[in-house]
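Paired with chain B in one complex and with chain C in the other, chain A is shared by the two complexes that follow.
And now, the complex of A and B:
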(Lines of atoms letter the chains of each structure in order from A and count residues from 1; the text may use other names and numbers.)
(Lines give C-alpha, C1' and ligand atoms only; values in the text may rest on other atoms or scores of the structure.)
Protein backbone atom coordinates (compact mmCIF):
# COMPACT_ATOMS: atom_id res chain seq x y z
CA UNK A 1 0.00 0.00 0.00
CA UNK A 2 1.26 3.38 -0.94
CA UNK A 3 1.27 5.76 2.02
CA UNK A 4 2.61 9.20 2.71
CA UNK A 5 3.64 10.12 6.20
CA UNK A 6 3.02 13.58 7.46
CA UNK A 7 4.26 14.12 10.97
CA UNK A 8 2.20 11.72 12.96
CA UNK A 9 -0.68 11.49 10.61
CA UNK A 10 -0.65 9.00 7.77
CA UNK A 11 -2.52 10.21 4.79
CA UNK A 12 -4.00 7.49 2.73
CA UNK A 13 -3.76 8.14 -0.96
CA UNK A 14 -6.21 6.82 -3.45
CA UNK A 15 -4.57 3.59 -4.43
CA UNK A 16 -6.35 0.41 -5.19
CA UNK A 17 -4.93 -2.28 -3.04
CA UNK A 18 -5.86 -5.88 -2.72
CA UNK A 19 -8.04 -5.20 0.26
CA UNK A 20 -10.23 -2.95 -1.82
CA UNK A 21 -13.07 -5.43 -1.78
CA UNK A 22 -13.22 -5.47 1.95
CA UNK A 23 -13.31 -1.78 2.33
CA UNK A 24 -16.89 -1.01 1.72
CA UNK A 25 -20.10 -2.65 0.80
CA UNK A 26 -21.97 -1.18 -2.12
CA UNK A 27 -23.27 2.19 -1.16
CA UNK A 28 -26.91 2.45 -0.27
CA UNK A 29 -26.95 6.20 0.01
CA UNK A 30 -29.73 8.03 -1.74
CA UNK A 31 -27.11 10.04 -3.52
CA UNK A 32 -25.30 6.94 -4.72
CA UNK A 33 -24.97 6.42 -8.40
CA UNK A 34 -26.68 3.73 -10.31
CA UNK A 35 -23.22 2.40 -10.99
CA UNK A 36 -21.94 0.71 -7.89
CA UNK A 37 -18.40 0.50 -9.19
CA UNK A 38 -18.19 4.24 -9.37
CA UNK A 39 -19.57 4.62 -5.90
CA UNK A 40 -16.98 2.24 -4.61
CA UNK A 41 -14.24 4.16 -6.36
CA UNK A 42 -15.11 7.23 -4.32
CA UNK A 43 -15.48 5.33 -1.11
CA UNK A 44 -12.13 3.63 -1.42
CA UNK A 45 -10.73 6.90 -0.23
CA UNK A 46 -12.01 5.97 3.18
CA UNK A 47 -11.84 2.64 4.93
CA UNK A 48 -14.74 2.70 7.30
CA UNK A 49 -18.17 1.98 5.88
CA UNK A 50 -19.82 5.35 5.35
CA UNK A 51 -23.24 3.81 5.96
CA UNK A 52 -22.27 2.69 9.44
CA UNK A 53 -20.97 6.17 10.24
CA UNK A 54 -24.20 7.57 8.87
CA UNK A 55 -26.21 5.48 11.31
CA UNK A 56 -24.15 6.86 14.16
CA UNK A 57 -24.68 10.39 12.91
CA UNK A 58 -28.42 9.79 12.70
CA UNK A 59 -28.50 8.78 16.35
CA UNK A 60 -28.12 12.41 17.37
CA UNK A 61 -31.68 13.71 17.76
CA UNK A 62 -30.57 17.27 17.02
CA UNK A 63 -29.16 16.41 13.63
CA UNK A 64 -31.39 17.06 10.65
CA UNK A 65 -29.38 16.72 7.52
CA UNK A 66 -25.79 15.97 6.84
CA UNK A 67 -24.08 16.67 3.56
CA UNK A 68 -22.30 13.91 1.76
CA UNK A 69 -19.11 15.89 2.12
CA UNK A 70 -19.53 16.18 5.87
CA UNK A 71 -20.16 12.46 6.13
CA UNK A 72 -16.99 11.77 4.23
CA UNK A 73 -15.01 14.07 6.52
CA UNK A 74 -16.44 12.52 9.65
CA UNK A 75 -15.52 9.07 8.35
CA UNK A 76 -12.03 10.19 7.45
CA UNK A 77 -11.40 11.98 10.69
CA UNK A 78 -12.48 8.90 12.64
CA UNK A 79 -9.75 6.99 10.87
CA UNK A 80 -7.24 9.64 11.88
CA UNK A 81 -8.58 9.43 15.39
CA UNK A 82 -8.00 5.67 15.56
CA UNK A 83 -4.42 6.17 14.41
CA UNK A 84 -3.90 8.95 16.89
CA UNK A 85 -5.33 7.04 19.84
CA UNK A 86 -3.34 3.94 18.93
CA UNK A 87 -0.10 5.89 18.86
CA UNK A 88 -0.84 7.62 22.14
CA UNK A 89 -1.62 4.30 23.77
CA UNK A 90 1.52 2.78 22.34
CA UNK A 91 3.65 5.50 23.91
CA UNK A 92 2.65 4.03 27.27
CA UNK A 93 3.22 0.52 26.06
CA UNK A 94 6.76 1.28 25.03
CA UNK A 95 7.38 3.18 28.26
CA UNK A 96 6.64 -0.04 30.15
CA UNK A 97 8.91 -1.83 27.69
CA UNK A 98 6.09 -4.04 26.53
CA UNK A 99 5.26 -5.10 23.01
CA UNK A 100 1.55 -5.54 23.36
CA UNK A 101 -0.75 -2.58 23.69
CA UNK A 102 -3.19 -3.22 26.51
CA UNK A 103 -6.48 -1.62 27.40
CA UNK A 104 -4.72 0.00 30.32
CA UNK A 105 -2.44 1.86 27.89
CA UNK A 106 -5.47 3.20 26.06
CA UNK A 107 -6.95 4.35 29.36
CA UNK A 108 -3.73 6.10 30.27
CA UNK A 109 -3.72 7.91 26.97
CA UNK A 110 -7.27 9.11 27.59
CA UNK A 111 -6.33 10.40 31.02
CA UNK A 112 -3.23 12.16 29.80
CA UNK A 113 -4.40 13.90 26.65
CA UNK A 114 -6.78 16.85 26.98
CA UNK A 115 -8.30 16.29 23.58
CA UNK A 116 -9.31 12.78 24.64
CA UNK A 117 -11.17 13.97 27.72
CA UNK A 118 -14.51 13.28 26.06
CA UNK A 119 -13.69 9.59 26.36
CA UNK A 120 -13.48 9.59 30.11
CA UNK A 121 -15.66 6.85 31.52
CA UNK A 122 -16.38 5.37 28.13
CA UNK A 123 -14.17 2.36 28.55
CA UNK A 124 -15.59 1.42 31.92
CA UNK A 125 -18.07 -1.31 31.16
CA UNK B 1 -26.03 13.01 24.01
CA UNK B 2 -27.45 9.89 22.41
CA UNK B 3 -27.26 6.46 23.94
CA UNK B 4 -24.16 4.34 23.78
CA UNK B 5 -23.92 2.79 20.36
CA UNK B 6 -23.17 -0.75 21.47
CA UNK B 7 -24.73 -2.11 18.33
CA UNK B 8 -23.13 0.39 16.08
CA UNK B 9 -19.48 -0.37 16.56
CA UNK B 10 -17.29 0.08 13.57
CA UNK B 11 -16.04 -3.13 11.94
CA UNK B 12 -13.37 -4.64 14.14
CA UNK B 13 -11.33 -5.87 11.21
CA UNK B 14 -10.97 -2.39 9.78
CA UNK B 15 -10.20 -0.86 13.17
CA UNK B 16 -7.59 -3.56 13.74
CA UNK B 17 -5.97 -2.86 10.42
CA UNK B 18 -5.74 0.87 10.97
CA UNK B 19 -4.27 0.31 14.43
CA UNK B 20 -1.72 -2.15 13.10
CA UNK B 21 -0.61 0.17 10.33
CA UNK B 22 -0.21 3.11 12.65
CA UNK B 23 2.16 1.27 14.97
CA UNK B 24 5.68 -0.01 14.40
CA UNK B 25 6.13 -3.54 13.15
CA UNK B 26 6.23 -6.26 15.72
CA UNK B 27 3.87 -4.47 18.06
CA UNK B 28 0.79 -6.39 19.11
CA UNK B 29 -2.48 -5.10 20.33
CA UNK B 30 -4.62 -7.01 22.78
CA UNK B 31 -8.18 -7.79 21.87
CA UNK B 32 -9.38 -5.66 24.78
CA UNK B 33 -7.36 -2.71 23.60
CA UNK B 34 -8.74 -3.10 20.06
CA UNK B 35 -12.28 -3.23 21.37
CA UNK B 36 -11.59 -0.19 23.52
CA UNK B 37 -10.27 1.78 20.57
CA UNK B 38 -13.22 0.73 18.39
CA UNK B 39 -15.62 1.85 21.08
CA UNK B 40 -13.77 5.13 21.45
CA UNK B 41 -14.03 5.65 17.71
CA UNK B 42 -17.81 5.26 17.80
CA UNK B 43 -18.03 7.80 20.60
CA UNK B 44 -15.76 10.06 18.63
CA UNK B 45 -18.18 10.00 15.71
CA UNK B 46 -21.03 11.04 18.00
CA UNK B 47 -18.96 13.79 19.57
CA UNK B 48 -17.76 15.04 16.21
CA UNK B 49 -21.32 15.02 14.86
CA UNK B 50 -22.55 16.95 17.84
CA UNK B 51 -19.84 19.61 17.57
CA UNK B 52 -20.34 19.94 13.83
CA UNK B 53 -24.06 20.23 14.27
CA UNK B 54 -23.60 22.95 16.87
CA UNK B 55 -21.60 24.97 14.38
CA UNK B 56 -24.26 24.49 11.73
CA UNK B 57 -27.02 25.54 14.11
CA UNK B 58 -25.06 28.62 15.19
CA UNK B 59 -25.01 29.66 11.56
CA UNK B 60 -28.74 28.96 11.30
CA UNK B 61 -28.22 26.10 8.94
CA UNK B 62 -29.96 22.78 9.11
CA UNK B 63 -27.45 20.88 7.08
CA UNK B 64 -24.08 19.92 8.50
CA UNK B 65 -21.52 20.94 5.93
CA UNK B 66 -17.94 19.89 5.36
CA UNK B 67 -16.82 23.23 6.79
CA UNK B 68 -18.71 22.53 9.99
CA UNK B 69 -16.80 19.31 10.44
CA UNK B 70 -13.48 21.04 9.84
CA UNK B 71 -14.44 23.77 12.30
CA UNK B 72 -15.45 21.14 14.84
CA UNK B 73 -11.93 19.74 14.76
CA UNK B 74 -10.66 22.97 16.23
CA UNK B 75 -13.36 22.98 18.90
CA UNK B 76 -12.50 19.41 19.78
CA UNK B 77 -8.77 20.23 20.03
CA UNK B 78 -7.91 18.13 17.01
CA UNK B 79 -6.48 20.92 14.90
CA UNK B 80 -3.77 18.56 13.76
CA UNK B 81 -6.38 16.74 11.69
CA UNK B 82 -7.49 19.80 9.77
CA UNK B 83 -4.75 19.86 7.17
CA UNK B 84 -4.82 16.14 6.34
CA UNK B 85 -8.60 16.32 6.20
CA UNK B 86 -8.49 19.15 3.75
CA UNK B 87 -6.11 17.20 1.57
CA UNK B 88 -8.39 14.16 1.68
CA UNK B 89 -11.33 16.37 0.86
CA UNK B 90 -9.63 17.55 -2.31
CA UNK B 91 -9.09 13.98 -3.42
CA UNK B 92 -12.70 13.15 -2.61
CA UNK B 93 -14.06 16.15 -4.49
CA UNK B 94 -12.00 15.25 -7.50
CA UNK B 95 -13.29 11.70 -7.44
CA UNK B 96 -16.87 12.96 -7.09
CA UNK B 97 -16.37 15.21 -10.07
CA UNK B 98 -15.03 12.36 -12.16
CA UNK B 99 -17.97 10.24 -11.12
CA UNK B 100 -20.44 12.89 -12.21
CA UNK B 101 -18.67 13.30 -15.49
CA UNK B 102 -18.82 9.58 -16.08
CA UNK B 103 -22.54 9.56 -15.39
CA UNK B 104 -23.10 12.50 -17.70
CA UNK B 105 -21.10 10.80 -20.37
CA UNK B 106 -23.12 7.63 -20.06
CA UNK B 107 -26.30 9.61 -20.30
CA UNK B 108 -25.01 11.25 -23.40
CA UNK B 109 -24.18 7.93 -24.94
CA UNK B 110 -27.63 6.62 -24.17
CA UNK B 111 -29.32 9.59 -25.71
CA UNK B 112 -27.22 9.09 -28.81
CA UNK B 113 -28.70 5.64 -29.23
CA UNK B 114 -31.87 5.07 -31.22
CA UNK B 115 -35.05 5.76 -29.25
CA UNK B 116 -36.37 2.20 -29.68
CA UNK B 117 -33.30 0.90 -27.95
CA UNK B 118 -34.20 2.75 -24.83
CA UNK B 119 -37.27 2.22 -22.69
CA UNK B 120 -39.64 5.15 -22.72
CA UNK B 121 -39.15 7.51 -19.83
CA UNK B 122 -36.19 5.67 -18.49
CA UNK B 123 -33.78 7.64 -16.48
CA UNK B 124 -30.36 6.97 -15.08
CA UNK B 125 -31.86 8.05 -11.86
CA UNK B 126 -30.10 9.15 -8.79
CA UNK B 127 -28.73 12.25 -10.40
CA UNK B 128 -28.75 14.85 -7.74
CA UNK B 129 -29.43 18.43 -8.59
CA UNK B 130 -27.57 19.92 -5.70
CA UNK B 131 -24.68 22.06 -6.68
CA UNK B 132 -21.68 21.44 -4.54
CA UNK B 133 -22.86 19.48 -1.62
CA UNK B 134 -25.09 16.51 -1.71
CA UNK B 135 -27.30 16.04 1.21
CA UNK B 136 -28.20 13.04 3.24
CA UNK B 137 -31.43 13.07 5.10
CA UNK B 138 -30.63 12.17 8.64
CA UNK B 139 -34.10 12.68 10.02
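And now, the complex of A and C:
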Protein backbone atom coordinates (compact mmCIF):
# COMPACT_ATOMS: atom_id res chain seq x y z
CA UNK A 1 0.00 0.00 0.00
CA UNK A 2 2.81 2.37 0.85
CA UNK A 3 4.31 1.85 -2.55
CA UNK A 4 1.14 3.02 -4.22
CA UNK A 5 1.37 6.34 -2.38
CA UNK A 6 4.99 6.86 -3.36
CA UNK A 7 4.16 6.32 -6.97
CA UNK A 8 1.37 8.84 -7.03
CA UNK A 9 1.33 10.65 -10.29
CA UNK A 10 2.40 14.21 -10.28
CA UNK A 11 0.90 15.97 -13.22
CA UNK A 12 2.27 19.29 -14.22
CA UNK A 13 -0.26 21.84 -15.24
CA UNK A 14 0.61 23.00 -18.69
CA UNK A 15 -0.24 26.61 -19.24
CA UNK A 16 -1.25 27.49 -22.76
CA UNK A 17 1.52 29.51 -24.30
CA UNK A 18 0.38 33.01 -24.93
CA UNK A 19 -1.87 33.96 -22.10
CA UNK A 20 1.23 33.98 -19.92
CA UNK A 21 2.87 36.54 -22.17
CA UNK A 22 -0.03 38.89 -21.80
CA UNK A 23 -0.27 38.60 -18.05
CA UNK A 24 3.40 39.38 -17.46
CA UNK A 25 4.63 42.85 -18.37
CA UNK A 26 5.99 42.52 -21.88
CA UNK A 27 9.74 42.83 -21.99
CA UNK A 28 10.47 43.06 -25.68
CA UNK A 29 14.22 43.22 -25.29
CA UNK A 30 14.22 40.07 -23.17
CA UNK A 31 12.10 38.16 -25.66
CA UNK A 32 14.30 39.35 -28.50
CA UNK A 33 17.31 38.20 -26.49
CA UNK A 34 16.25 34.60 -26.06
CA UNK A 35 14.95 34.51 -29.59
CA UNK A 36 18.17 35.71 -31.18
CA UNK A 37 20.22 33.20 -29.22
CA UNK A 38 17.88 30.35 -30.06
CA UNK A 39 17.60 31.47 -33.65
CA UNK A 40 21.36 31.53 -33.94
CA UNK A 41 21.49 27.89 -32.97
CA UNK A 42 19.11 27.05 -35.78
CA UNK A 43 20.18 29.39 -38.55
CA UNK A 44 23.70 30.50 -37.78
CA UNK A 45 23.94 34.25 -37.91
CA UNK A 46 27.32 34.43 -36.22
CA UNK A 47 30.13 31.91 -35.95
CA UNK A 48 32.25 33.32 -33.19
CA UNK A 49 31.01 32.65 -29.65
CA UNK A 50 29.04 35.64 -28.44
CA UNK A 51 29.83 34.92 -24.78
CA UNK A 52 33.56 35.15 -25.37
CA UNK A 53 33.08 38.47 -27.11
CA UNK A 54 30.92 39.62 -24.26
CA UNK A 55 33.84 38.97 -21.90
CA UNK A 56 36.15 40.91 -24.13
CA UNK A 57 33.75 43.83 -24.23
CA UNK A 58 33.27 43.82 -20.47
CA UNK A 59 37.00 43.98 -19.86
CA UNK A 60 36.76 47.71 -20.33
CA UNK A 61 35.73 49.17 -16.97
CA UNK A 62 34.12 52.16 -18.64
CA UNK A 63 31.83 50.13 -20.81
CA UNK A 64 28.18 50.12 -19.83
CA UNK A 65 25.71 47.35 -20.38
CA UNK A 66 25.50 46.01 -23.89
CA UNK A 67 22.33 44.77 -25.52
CA UNK A 68 22.21 41.31 -27.04
CA UNK A 69 21.63 42.79 -30.47
CA UNK A 70 24.68 44.98 -30.08
CA UNK A 71 26.76 41.98 -29.04
CA UNK A 72 25.63 40.13 -32.11
CA UNK A 73 26.63 43.08 -34.25
CA UNK A 74 30.05 43.28 -32.65
CA UNK A 75 30.49 39.57 -33.22
CA UNK A 76 29.49 39.84 -36.85
CA UNK A 77 31.65 42.85 -37.60
CA UNK A 78 34.60 41.09 -36.00
CA UNK A 79 34.02 38.29 -38.48
CA UNK A 80 34.06 40.84 -41.30
CA UNK A 81 37.23 42.22 -39.83
CA UNK A 82 38.93 38.84 -39.95
CA UNK A 83 37.78 38.43 -43.51
CA UNK A 84 39.18 41.79 -44.58
CA UNK A 85 42.45 41.42 -42.75
CA UNK A 86 43.00 37.90 -44.06
CA UNK A 87 42.23 38.82 -47.65
CA UNK A 88 44.42 41.90 -47.47
CA UNK A 89 47.27 39.88 -46.00
CA UNK A 90 46.86 37.25 -48.65
CA UNK A 91 47.16 39.83 -51.40
CA UNK A 92 50.71 40.44 -50.18
CA UNK A 93 51.35 36.73 -50.00
CA UNK A 94 50.36 36.17 -53.61
CA UNK A 95 52.28 39.28 -54.70
CA UNK A 96 55.46 37.77 -53.32
CA UNK A 97 54.48 34.50 -54.93
CA UNK A 98 54.50 32.64 -51.65
CA UNK A 99 52.13 29.88 -50.62
CA UNK A 100 51.94 30.58 -46.95
CA UNK A 101 50.58 33.72 -45.37
CA UNK A 102 53.24 34.96 -43.02
CA UNK A 103 53.13 37.34 -40.11
CA UNK A 104 54.90 39.86 -42.30
CA UNK A 105 51.99 39.84 -44.75
CA UNK A 106 49.52 40.66 -42.01
CA UNK A 107 51.79 43.45 -40.82
CA UNK A 108 51.94 44.91 -44.28
CA UNK A 109 48.17 44.85 -44.47
CA UNK A 110 47.96 46.76 -41.21
CA UNK A 111 50.37 49.38 -42.52
CA UNK A 112 48.52 49.76 -45.78
CA UNK A 113 44.99 50.33 -44.56
CA UNK A 114 44.25 53.60 -42.78
CA UNK A 115 41.42 52.25 -40.71
CA UNK A 116 43.77 49.60 -39.32
CA UNK A 117 46.13 52.17 -37.85
CA UNK A 118 44.80 51.40 -34.39
CA UNK A 119 46.50 48.03 -34.66
CA UNK A 120 49.99 49.42 -34.75
CA UNK A 121 50.21 48.89 -31.03
CA UNK A 122 49.80 45.17 -31.50
CA UNK A 123 52.85 44.88 -33.70
CA UNK A 124 56.16 44.10 -32.12
CA UNK A 125 58.41 46.44 -34.07
CA UNK B 1 31.17 26.44 -19.31
CA UNK B 2 33.62 28.08 -16.90
CA UNK B 3 36.52 29.76 -18.63
CA UNK B 4 39.67 29.98 -16.58
CA UNK B 5 41.45 32.16 -19.10
CA UNK B 6 43.37 35.06 -17.57
CA UNK B 7 41.92 38.26 -18.92
CA UNK B 8 45.04 39.47 -20.66
CA UNK B 9 44.99 36.40 -22.86
CA UNK B 10 41.32 36.54 -23.69
CA UNK B 11 40.79 36.05 -27.37
CA UNK B 12 38.42 34.43 -29.78
CA UNK B 13 38.89 30.67 -29.61
CA UNK B 14 41.64 29.60 -31.98
CA UNK B 15 39.62 26.78 -33.47
CA UNK B 16 36.83 29.13 -34.49
CA UNK B 17 39.37 31.53 -35.94
CA UNK B 18 41.18 28.82 -37.89
CA UNK B 19 37.94 27.55 -39.33
CA UNK B 20 37.04 31.02 -40.47
CA UNK B 21 40.41 31.72 -42.04
CA UNK B 22 40.22 28.40 -43.85
CA UNK B 23 36.95 29.46 -45.43
CA UNK B 24 38.24 32.87 -46.41
CA UNK B 25 41.46 31.69 -48.03
CA UNK B 26 40.99 28.02 -48.74
CA UNK B 27 43.95 25.97 -49.97
CA UNK B 28 46.30 28.61 -48.64
CA UNK B 29 48.53 27.88 -45.71
CA UNK B 30 48.70 30.39 -42.92
CA UNK B 31 51.65 30.53 -40.56
CA UNK B 32 50.93 30.19 -36.85
CA UNK B 33 52.49 33.54 -36.16
CA UNK B 34 50.15 35.13 -38.66
CA UNK B 35 47.14 33.46 -37.06
CA UNK B 36 48.25 34.62 -33.66
CA UNK B 37 48.58 38.15 -34.92
CA UNK B 38 45.14 38.14 -36.51
CA UNK B 39 43.73 36.79 -33.26
CA UNK B 40 45.23 39.61 -31.25
CA UNK B 41 44.09 42.14 -33.81
CA UNK B 42 40.54 40.88 -33.29
CA UNK B 43 40.73 41.49 -29.58
CA UNK B 44 41.97 45.01 -30.23
CA UNK B 45 39.19 45.56 -32.73
CA UNK B 46 36.55 44.46 -30.26
CA UNK B 47 37.94 46.71 -27.54
CA UNK B 48 38.07 49.66 -29.91
CA UNK B 49 34.57 49.10 -31.24
CA UNK B 50 33.10 48.66 -27.78
CA UNK B 51 34.89 51.70 -26.47
CA UNK B 52 33.73 53.91 -29.33
CA UNK B 53 30.18 52.62 -29.09
CA UNK B 54 30.26 53.23 -25.38
CA UNK B 55 31.19 56.86 -25.98
CA UNK B 56 28.28 57.32 -28.36
CA UNK B 57 26.03 55.61 -25.85
CA UNK B 58 27.14 57.92 -23.04
CA UNK B 59 26.75 60.97 -25.26
CA UNK B 60 23.15 59.96 -25.85
CA UNK B 61 22.82 59.51 -22.11
CA UNK B 62 21.73 55.95 -22.49
CA UNK B 63 22.71 53.17 -20.12
CA UNK B 64 22.89 50.30 -22.55
CA UNK B 65 24.88 50.08 -25.75
CA UNK B 66 22.50 49.17 -28.53
CA UNK B 67 22.84 48.23 -32.18
CA UNK B 68 22.63 51.83 -33.36
CA UNK B 69 25.61 52.76 -31.23
CA UNK B 70 27.65 50.00 -32.79
CA UNK B 71 26.73 51.14 -36.29
CA UNK B 72 27.65 54.69 -35.40
CA UNK B 73 30.97 53.50 -34.01
CA UNK B 74 31.75 51.68 -37.23
CA UNK B 75 31.24 54.92 -39.15
CA UNK B 76 33.37 56.91 -36.76
CA UNK B 77 36.20 54.40 -36.92
CA UNK B 78 36.29 54.34 -40.70
CA UNK B 79 34.68 50.98 -41.12
CA UNK B 80 31.68 52.12 -43.16
CA UNK B 81 32.28 49.21 -45.48
CA UNK B 82 31.17 46.92 -42.71
CA UNK B 83 28.14 49.01 -42.01
CA UNK B 84 25.98 47.82 -44.88
CA UNK B 85 26.68 44.19 -44.13
CA UNK B 86 26.17 44.82 -40.44
CA UNK B 87 22.80 46.39 -41.09
CA UNK B 88 21.85 43.38 -43.18
CA UNK B 89 22.73 41.09 -40.27
CA UNK B 90 20.72 43.22 -37.92
CA UNK B 91 17.75 42.87 -40.21
CA UNK B 92 18.29 39.10 -40.25
CA UNK B 93 18.45 39.02 -36.47
CA UNK B 94 15.20 40.88 -36.13
CA UNK B 95 13.50 38.85 -38.84
CA UNK B 96 14.48 35.55 -37.30
CA UNK B 97 13.49 36.73 -33.84
CA UNK B 98 10.14 37.88 -35.19
CA UNK B 99 9.67 34.58 -36.97
CA UNK B 100 10.22 32.67 -33.74
CA UNK B 101 7.70 34.87 -32.00
CA UNK B 102 5.17 34.16 -34.71
CA UNK B 103 5.83 30.45 -34.42
CA UNK B 104 5.18 30.50 -30.72
CA UNK B 105 1.89 32.31 -31.18
CA UNK B 106 0.64 29.93 -33.84
CA UNK B 107 -1.33 28.14 -31.17
CA UNK B 108 -3.71 31.09 -31.14
CA UNK B 109 -4.50 30.63 -34.79
CA UNK B 110 -5.69 27.04 -34.58
CA UNK B 111 -9.26 28.32 -34.54
CA UNK B 112 -10.06 26.41 -31.39
CA UNK B 113 -11.27 28.64 -28.57
CA UNK B 114 -9.23 28.55 -25.41
CA UNK B 115 -11.93 27.03 -23.22
CA UNK B 116 -12.17 24.14 -25.63
CA UNK B 117 -8.44 23.64 -25.56
CA UNK B 118 -8.47 23.68 -21.77
CA UNK B 119 -11.25 21.16 -21.75
CA UNK B 120 -9.33 18.90 -24.09
CA UNK B 121 -6.29 19.24 -21.92
CA UNK B 122 -8.22 18.21 -18.82
CA UNK B 123 -9.59 15.25 -20.70
CA UNK B 124 -6.14 14.13 -21.66
CA UNK B 125 -4.93 14.48 -18.08
CA UNK B 126 -7.87 12.46 -16.77
CA UNK B 127 -7.18 9.79 -19.33
CA UNK B 128 -3.53 9.71 -18.41
CA UNK B 129 -4.42 9.36 -14.76
CA UNK B 130 -6.69 6.41 -15.49
CA UNK B 131 -4.10 4.69 -17.60
CA UNK B 132 -1.45 5.22 -14.98
CA UNK B 133 -3.70 3.87 -12.25
CA UNK B 134 -4.54 0.84 -14.36
CA UNK B 135 -0.86 0.21 -15.05
CA UNK B 136 -0.03 0.40 -11.37
CA UNK B 137 -2.86 -1.86 -10.49
CA UNK B 138 -1.49 -4.34 -12.97
CA UNK B 139 1.97 -4.04 -11.45
CA UNK B 140 0.63 -4.55 -7.97
CA UNK B 141 -1.26 -7.69 -8.92
CA UNK B 142 1.84 -8.98 -10.66
CA UNK B 143 3.95 -8.45 -7.56
CA UNK B 144 1.39 -10.19 -5.47
CA UNK B 145 1.27 -13.13 -7.80
CA UNK B 146 5.04 -13.43 -7.78
CA UNK B 147 5.19 -13.18 -4.02
CA UNK B 148 2.59 -15.88 -3.72
CA UNK B 149 4.44 -18.12 -6.10
CA UNK B 150 7.67 -17.82 -4.21
CA UNK B 151 5.91 -18.63 -0.96
CA UNK B 152 4.39 -21.73 -2.50
CA UNK B 153 7.75 -22.82 -3.79
CA UNK B 154 9.15 -22.62 -0.32
CA UNK B 155 6.42 -25.04 0.60
CA UNK B 156 5.60 -23.23 3.84
CA UNK B 157 2.19 -21.90 3.14
CA UNK B 158 -0.44 -23.83 1.21
CA UNK B 159 -2.20 -21.72 -1.39
CA UNK B 160 -4.88 -19.85 0.46
CA UNK B 161 -7.87 -18.27 -1.19
CA UNK B 162 -7.81 -15.45 1.35
CA UNK B 163 -4.62 -14.19 -0.13
CA UNK B 164 -6.44 -12.98 -3.17
CA UNK B 165 -8.47 -10.43 -1.24
CA UNK B 166 -6.18 -7.44 -1.53
CA UNK B 167 -7.57 -4.56 -3.49
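Assume the second predicted complex is superposed on the first by the 82 of 125 C-alpha atoms of A that agree within 3 Å, B and C clash if a C-alpha of one lies under 4 Å from a C-alpha of the other, contacts with A are read in each partner's own complex, and residues count from 1 in each chain.
Going forward, a contact is a pair of C-beta atoms (placed from the backbone, for glycine too) under 8 Å apart; a residue touches a chain by one contact, two chains touch by 3 or more.
In this text the structure is predicted, and so the values were computed from the model without any measurement.
In the superposition on chain A, A:87 contacts both chain B and chain C. In the superposition on chain A, contact of A:53 is made with both chain B and chain C. Of the two partner chains placed by superposition, only chain B is touched by A:61; chain C is not.
Within chain A, the residues touched by chain B in the first complex and by chain C in the second are 3, 7, 9, 11, 14, 19, 31-32, 35, 38-39, 42, 45, 47-49, 52-53, 55-57, 59-60, 62-67, 69-70, 72-74, 76-87, 89-90, 93, 99-103, 105-107, 110, 114-115, 118-119, 122-123.
Put simply, chain B touches chain A in their complex at residues 1-3, 5, 8, 10-11, 13-15, 17-19, 21-24, 26-30, 32-33, 35-37, 39-50, 52-53, 57, 62-66, 68-70, 73, 76-78, 80-81, 83-85, 87-89, 91-93, 95-96, 99, 102-103, 106, 124-126, 128, 132-139. On the side of chain C, the complex with chain A involves touching residues 3, 7, 10-13, 16-17, 19-21, 24-25, 28-31, 33-34, 36-38, 40-51, 53-54, 57-58, 62-67, 69-71, 74, 77-79, 81-82, 85-86, 89-90, 92-94, 96-97, 99-101, 104-105, 107-108, 114, 117-118, 121, 125, 128-129, 132, 136, 140.
On the side of chain A, the complex with chain C involves touching residues 3-4, 7, 9, 11, 14, 16-19, 31-32, 35-36, 38-39, 42-43, 45-49, 52-53, 55-57, 59-60, 62-67, 69-70, 72-74, 76-87, 89-90, 93, 99-103, 105-107, 110, 114-116, 118-119, 121-123.
Contacts from chain A toward chain B in the complex involve residues 1, 3, 6-14, 19, 22-23, 29-35, 38-39, 41-42, 45, 47-49, 52-74, 76-87, 89-90, 93, 99-103, 105-107, 110, 114-115, 118-119, 122-123.
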